[in-house]
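Okay, got some structures for you below.
Two complexes, one shared chain (subunit A), two partners (subunit B, subunit C).
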Partner chain A sequence: MRTILYLIRKEFIQIFRNKFLSKAIFGIPIVQIVILVPAVTFEIKNIELCIVDMDMSAESRQLISKLQGSDFFLLKHTTFDEKEADDMLHADKCDMILHIPENFGRNVVREEKEKLMVVANAINATSAQLAWAYMRGILQDYNSELKVRSMQSNTPGRLSLIETTNRFWYNPSLNYKYYMLPGILVILVTAIGLLLAGLNVVREKEIGTIEQLNVTPIRKYQFITAKLVPFLVIGLVDLAFGLVLGKILFNIPFNGSIAMLFLFAAFYLIAVLGLALFLSTLSSTQQQYLFVVFFVLMIFVLMSGIFTPEESMPLWARRFNIINPTAYFMRVIRMVMLKGSGFADVFQDVRGIIIIGIATISLAIWRYRKTV
Partner chain B sequence: MNRFLGFVKKEFMHIFRDIRTLVILFGIPAAQILIFGFAVRTDIKNAGIAVLDRSKDEISTGLVSRLESSDFFILKQSLESGAQIDPAFKKGDIKAVLIFEDNFGKRLLNEGSANIEIIADGSEPNVANLVTSYTRAIISDYMIDYNGAMAEGALVIEPEIKMYYNPNLESQYMFVPGVITIILVLICALMTSVAITREKEFGTMEVLLVSPLKPIHIILGKVTPYFILSLIDLIIILFLSWLVFDIPIKGSLVLLMLESMLYIMLGLSLGIMISTMSKTMQQAMFTSLLGLMLPTIILSGFIFPVEYMPGIYSWLSMIIPPRWFVTIIKDIMIKGTGFTFVWKETLILFIMTLVFITISTLKFKKRLE
Partner chain C sequence: MTSEKVIEVKNLVKKFGSFVANDNLSFDVYRGEIFGFLGANGAGKTTALRILSGLSKPSSGDVRVAGLDIYRHAEKVKKHIGYMCQKFSLYEDLTVAENIMLYGGIYGLSKKIIENRASTLLESLNFTSYRKNIIGSLPLGMRQKLAFAVAILHDPDIVFLDEPTGGVDPITRRQFWEMIYKASSDGITVFVTTHYMDEAEYCDRVSIMSEGRIVAIDSPDELKKRYGASSVQDVFVKIARPSNYSPNNN
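Entry: the complex of A and B
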């Protein structure tokens, strides 16, 4: 036990002696949280609209002012020239074109069917679909207004209508910062853990000091523990820093148990650090290790469901997430912080992360050779 | 010139001697493009929902089965009371709950209107938004059919949509160019960021410094082999995106290659700049991976559209090189536009590259003194 404590002390001294590292491990997360958390909104506002109004009737103007009145659309340009509108779409000067055909007003008043053509730039399929949904909603509203008007003057009839009301629980105003902070924090903690722990070992290999450790009577498990604990502590401190920062700057709610989150984070970090130590045994230079980490990190992060919904991924990708520790942490941190989920709700994730942790640590111990 | 070529040759040998790194260098982009091209998408599919149907009549069950039959939703649970909503959300497998009021169908028939309440899980705002608007769209389609049977000609205006550039709404059209952009710049910067610090740390830098090579030669000599490596990476990536994702290159392939070469140069010189500014390899690695990864993913418009970012961020994103390259690559590959549409972005990337190279040379000189 005393051996381990001495080794841990040695690691801490080495880390904090390094001027850059001692600042970077706390500085980089703080700066990135402050800058990047408020950057993202997925809210679609101000879809830039170009209208080709061939009709210029009272009805078409009514429709246009209805579109203008919504928050979703921003009328960029009105023209008679279809070619001009197409060119604007092509040059990214507008996102959507609405063609109002000639005689639109006349046909609508006579209740003849009238077609409206909408063209959208669909490279970003999701945005295009959302924009189309908004557009259709507005057109339908306009349609029912017309209908109601004509019905008052004509035959008695009735249209049934389903009203939808919607609410967002746990984040009523859909504040994206609540969503981004946990995500960015998880990425930073993971990246720092993977880089620090692995590079530390590979560096000892590269400059040859690992041989000095190898000739001492230190046991394998002692070596692994000593390389793990300092980075576990740093990771947890970073997490605490980030949460406090989120509370102070963005007033992020914290509904669940803090102790449980930190306990889970500790399990998570052990799994990640175990992986780092395992990967470090496979690399002979720091550069190699850097690329391996880049590969692993990008996959862990982008597949974890941090920025994109996990359910939308194909089945094999969702299966992969069974062995992706980041996916567990991402789920749990949001559930605990924002929804206040309890232990019973996250039990499966806790079990999963412990199994992954045992696996990576065992791999690291097994692969670490004291002999050359 | 001969001296320079000799130096380049030496650098080549250094890199190609290390087979393991080479395998990683070619394997990473290929694997990442395949994985992300298939897996990363922002639309929703198979989102779990729950229904609390207080009425259980023909219309409400009809609507629920309409929701279920769409690709977007999977009905995970039927709830019995409002008290079950919170626990259901806390377990985390449903994204929204639909509540039909009492006597839903009767009200719709007798009073002409009835209410559905949609409660979505706001902890994932994007998903919450999508789930709500998709549900609404399905409900209103359902009502059009329903009214259509009741009253003739309910719908006067029939809107029709044409999805330009991406008629089948494949999310790959958005993500493959994005992934190419991110991977290229990160991989290039990572490769060269260690190049000079490594020499510093191992002490071989002094050997280089006493040689008659000029700083710019040393920098170019370090960049050249990596440039060729990145070019091979680029070809692998483009080939895969064409072969696997069926993403056409509508514009000129030559233009695309030239633009990509410029972008690769930018990435490499960014790495060199980091390298000249760092004292140790660890510092260079931390800066290039930790410092670049998140800002490029978040501010480049790869996942989060830049247009919708709050004020200062659309400005801030302008200093992020991938933001410009994403536009170029999408324009050329998917829209098929020519150079006249992307000259501005090209110029910006070119200036950025020059700035990085200049800073590197200046910083490098200091060490010579």
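Entry: the complex of A and C
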């Protein structure tokens, strides 16, 4: 036990004596949170719209003013020339074309049937789909208004429209910052775990000091523990730092138990650090290690559901996430922060992360060799 | 020097693939002696030393260090040995005192003992004023002396030195050998590899390796007598020349 304390002390001295590292540990969270949280959003505003209005009727004008009234659309141009509109889309001067045919107004009133054409630039499929969804919403709205109006003129009495109202639970204002901040914190903690600890071990290999440790009677578990604890502490401190920063800068809500979140984060860090130490036993240079970890980090983070909901991933990807520790943390941090989930809600995730942790730590201890 | 064997090696073989680095080595080292392990670059000295200090496993053969079988008691052996390698191995970003504290702690010495020994050894090296200096800021010779002092901090039975004076100036080398003599007189067996032949003269016994084999083993005086040479250097040139350099080969 005393041996471990001496070794841990040495790691801390080394980290804080390193002028760059000691600043980066607190500088990187600030940069990440300040830049990424407000920047990464899926919300689309100001979709640039070009309208080809061949009708110029009261109805078409009504529709256009409805579009103009929405936050999502920005009327960039109106024209009678289809080619001009197509050219604008090609030249990336607008995102969407709405084509209103001749006699649109007459037809919707008399025949109650008319077709509109919408063309969207789908280079980014997600934003095209979103833009289309907004457009459809407005068109449907308009459509039902028309229906009600025509029915009211034919039938006596009042006819009311079925109105749907929706409430978005856990993030009522659909503020993407609330959704992204926990995700960014997960990336931060993961990067600390995977990069700092692993590189530390590989660096000792490169400069040869690990050999001096290997001729001492130090035990494998002592070595692994001493490499694990400092980065566990730093990871948790950075998580706390990031949460405080999120509260101050973006007033991020925290509905769950802070103790619960930190307990889970500790389990998560142990699992990730175990993996880092295991991978470090396989690499002999920092270059090798970085190359491997870059891919591991990317797969873990992108599959974890940070940007795309886990539920919409293919089945095999969801199965992969059973062994992806980042997916557990991503789920739990959002549940605890936004939904206020308690221990009973995240019990399965706690169990999962503990199993992964035991596996990675065992691998690290098993693979660490004092002899070559 | 006594007749008690602290290192016993019988038929030690170490292979890397088809390359035989140590070819059937057998030798003993006695308690308290300074044992020089000589050989040209690539003769297999470091390989053997790494096996004896537990950093590498032999392919076959019997090896006992400090009375313990290295196969069965690899970790126990480590309590009884000190090690210093050619690549400088103290932590460069820690101070002198922090390095001493760390290694003392790893060997399980109490804080009080570490502090006592640290002040004694720093005084004897005249390094007391450098206690709080970062190792990286010290000159190489000073670091090597410190590394040696740290390697014997826990009072081991045997200390393994792998080319400890490589790249060090003659004055520091001389001081380094004074430290070796002091350690030896305190009862620590010194196992040292070198290719400085003048250093070989300071050893109680030397073994000369060539191409993975021990070609001669005795005291420097006996070797000189046997080969009619005036110095160990001459003996070395006579017998340790790799076969492909020999004129008889052509």
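As a working rule, the second predicted complex is superposed on the first by the 356 of 372 C-alpha atoms of A that agree within 3 Å, B and C clash if a C-alpha of one lies under 4 Å from a C-alpha of the other, contacts with A are read in each partner's own complex, and residues count from 1 in each chain.
Definition applied: contacts are C-beta pairs under 8 Å (C-beta built on N, C-alpha and C of every residue); 3 or more make two chains touch, one makes a residue touch a chain.
Remember, it's a predicted structure, so these values are computed and weren't measured experimentally.
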Touched partner set for A:Arg2, first subunit B, second subunit C, both or neither: second
First, second, both or neither for A:Ile258, with subunit B first and subunit C second: neither
Touching partner for A:Pro217 - first (subunit B), second (subunit C), both, neither: second
Partner chain(s) touched by A:Ala58 [first = subunit B, second = subunit C, both, neither]: neither
Which superposed partner A:Ala39 touches (first subunit B, second subunit C, both, neither): first
Touched partner set for A:Arg17, first subunit B, second subunit C, both or neither: second
Greater residue coverage of subunit A in the superposed arrangement, subunit B or subunit C: B
Those residues of subunit A which subunit B touches in one complex and subunit C touches in the other: 18
Touch list for subunit C against partner subunit A, complex: 53-57, 74-76, 78-79, 81, 83, 85, 87-94, 98, 101-103, 105-108
Residue ranges of subunit B touching subunit A (in the complex, touch as defined): 18, 20-21, 24-25, 27-28, 31-32, 35-36, 38-48, 85-86, 89-92, 95, 108-109, 112-130, 132-137, 139-140, 142-143, 146-147, 150-151, 153-167, 169-171, 173-174, 183, 186-187, 190, 194, 198, 278-283, 285-287, 289-291, 293-295, 297-299, 303-305, 307-310, 313, 316, 327, 330-331, 334-335, 337, 341
Contact footprint of subunit B on subunit A as seen in their complex: 18, 20-21, 24, 28, 32, 35-36, 38-46, 89-92, 108, 111-130, 132-137, 139-140, 142-143, 146-147, 157-172, 174-176, 178-179, 184, 187-188, 191-192, 195, 199, 203, 283-288, 290-295, 297-299, 302-303, 307-309, 311-314, 317, 331, 334-335, 338-342, 345
Residues on subunit A engaged by subunit C in the complex (per definition of touch): 2-3, 5-7, 9-10, 13-14, 17-18, 207-209, 211-219, 370-372
